[in-house]
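Right, I'll just put the structure down here and ask away after.
Naming follows writing order (A, B, C and D), and every chain is counted from residue 1.
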């Protein structure tokens, strides 16, 4: 899997998990999350690891879901950072390679010209 | 876009979004954010994902702005980390290349000297 | 140590520290952490740096353990991000190398063919 | 500046800023931070971006110091991650280079042997 694809995959998974967790919280913990907007607000501040603590799950299942959202957030941070870095490093490599490849080709041409001359001299002898 | 420029761009965007969000909060949520300093204090701890929770937006528009600040903070973390990494990796590559290029040039010189000798021998024949 | 192994090592250490800290908190701070599930809930939101603040250690030893969990969390974030990045960059390097190596081999073949021809001509003379 | 040195520098700066901020808070905000241990506990959870919110600065100067601690924490995260990544990528590059360098040397030997043979044939003619 390429870095770009891994980045897009984790980004998609994170959006889906965040929204799904918000909706699930609304369904499973009526008292703490009386409406879905509050649940989504909680999900966003959890997945970004901000965690104000103004809304928090109080029962076991809610905390289990919260744990999944937190781990997804960490997964997003690490994989997306890695993915963007890999794209940057790769594009720098290609720019750099353009220069070194030219030096390599110059050396090759020098050798080939010499060999050409040697061969033609042998032909003439 | 180079890594360096992407890093500077996201840094600028983050500063602008953080200050703008602080000012907007003061305007849109008078009761929670009675002065602009409190709003900026909230914006800084949100964009850095610290999120004490001593000041939090209570209405929908405020939470929408908060979501933008949080996502900007995550964008900053990932892109700036990627940008610094790319600069480090690139400078290590250049140091490393200086060594391998020398080895490459030595090999090239060796071949060229040989070819020189062969050619001069052919000239003398 | 390779990047992959470092990533697995810090991941293992993080899981062990998180669980151990949860269990220790339950033992050492009965009043704040009346059951192990609450302690584990606290450990997870601390190691991921979410930190709602709904459960926090109140005595010195608890805060000492919390500090270790926080630093472990930061260690996890940095090393795992570095590890995944290194894997991405390395696999991009190998894909890229396949192309440059082919160009290198083509140049080498060209030289060898020339040398072959020169040598056979010398044999015939 | 190499990646390794940058990583050590930011780590040192972060430790110094965290401790200094804790001590300063104790001095400048007596009422919120009645003892230095509480101030250090606040500094650690701020620099790691955990931010429980159980202790927070209430006056302007305290929030200014807190902002510096938060930004130092983000600086630490980004630069240390970049630094570790660069070390991983560099060591992978050196392992990889050992292989490609061998291929390069084999090709060089092949050419040199051929040239040797051509030259000795010319000498014998």
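Assume contacts are C-beta pairs under 8 Å (C-beta built on N, C-alpha and C of every residue); 3 or more make two chains touch, one makes a residue touch a chain.
Computed from a prediction, not measured in an experiment: that's the story for all the values here.
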| item | value |
| --- | --- |
| If a chain touches subunit A and subunit B alike, it appears here | C, D |
| Copies subunit C and subunit D touch via same or different residues, half shared test | different |
| Most distant chain from subunit B by Cα centroid | C |
| Subunit A and subunit D: spacing of chain centres that average the CA atoms, whole Å | 20 |
| Computed distance of Cα centres, subunit D from subunit B, in Å | 14 |
| Sequence positions of subunit A contacting 2 or more other chains | 49-53, 77, 81, 85, 89, 93, 104, 111, 115, 118, 122, 125 |
| Topology of the chain contact graph, where touching chains are joined (line, ring, star, complete, other) | complete |
| Subunit B to subunit A touching residues, read off their complex | 2-3, 6, 46, 49-53, 56, 60, 63, 66-67, 70-71, 73-74, 77-79, 81-83, 85-86, 89-90, 93-94, 97, 101, 104, 108, 111-112, 115-116, 118-119, 122-123, 125 |
| Residue ranges of subunit B in contact with subunit D within the complex | 37, 41, 44-45, 48-54, 76-77, 80-81, 84-85, 87-89, 91-93, 96, 100, 103-104, 107, 110-111, 114-115, 117-118, 121-122, 125 |
| Parts of subunit C lying in touch with subunit B, wherever the complex brings them together | 49, 51-53, 81, 85, 89 |
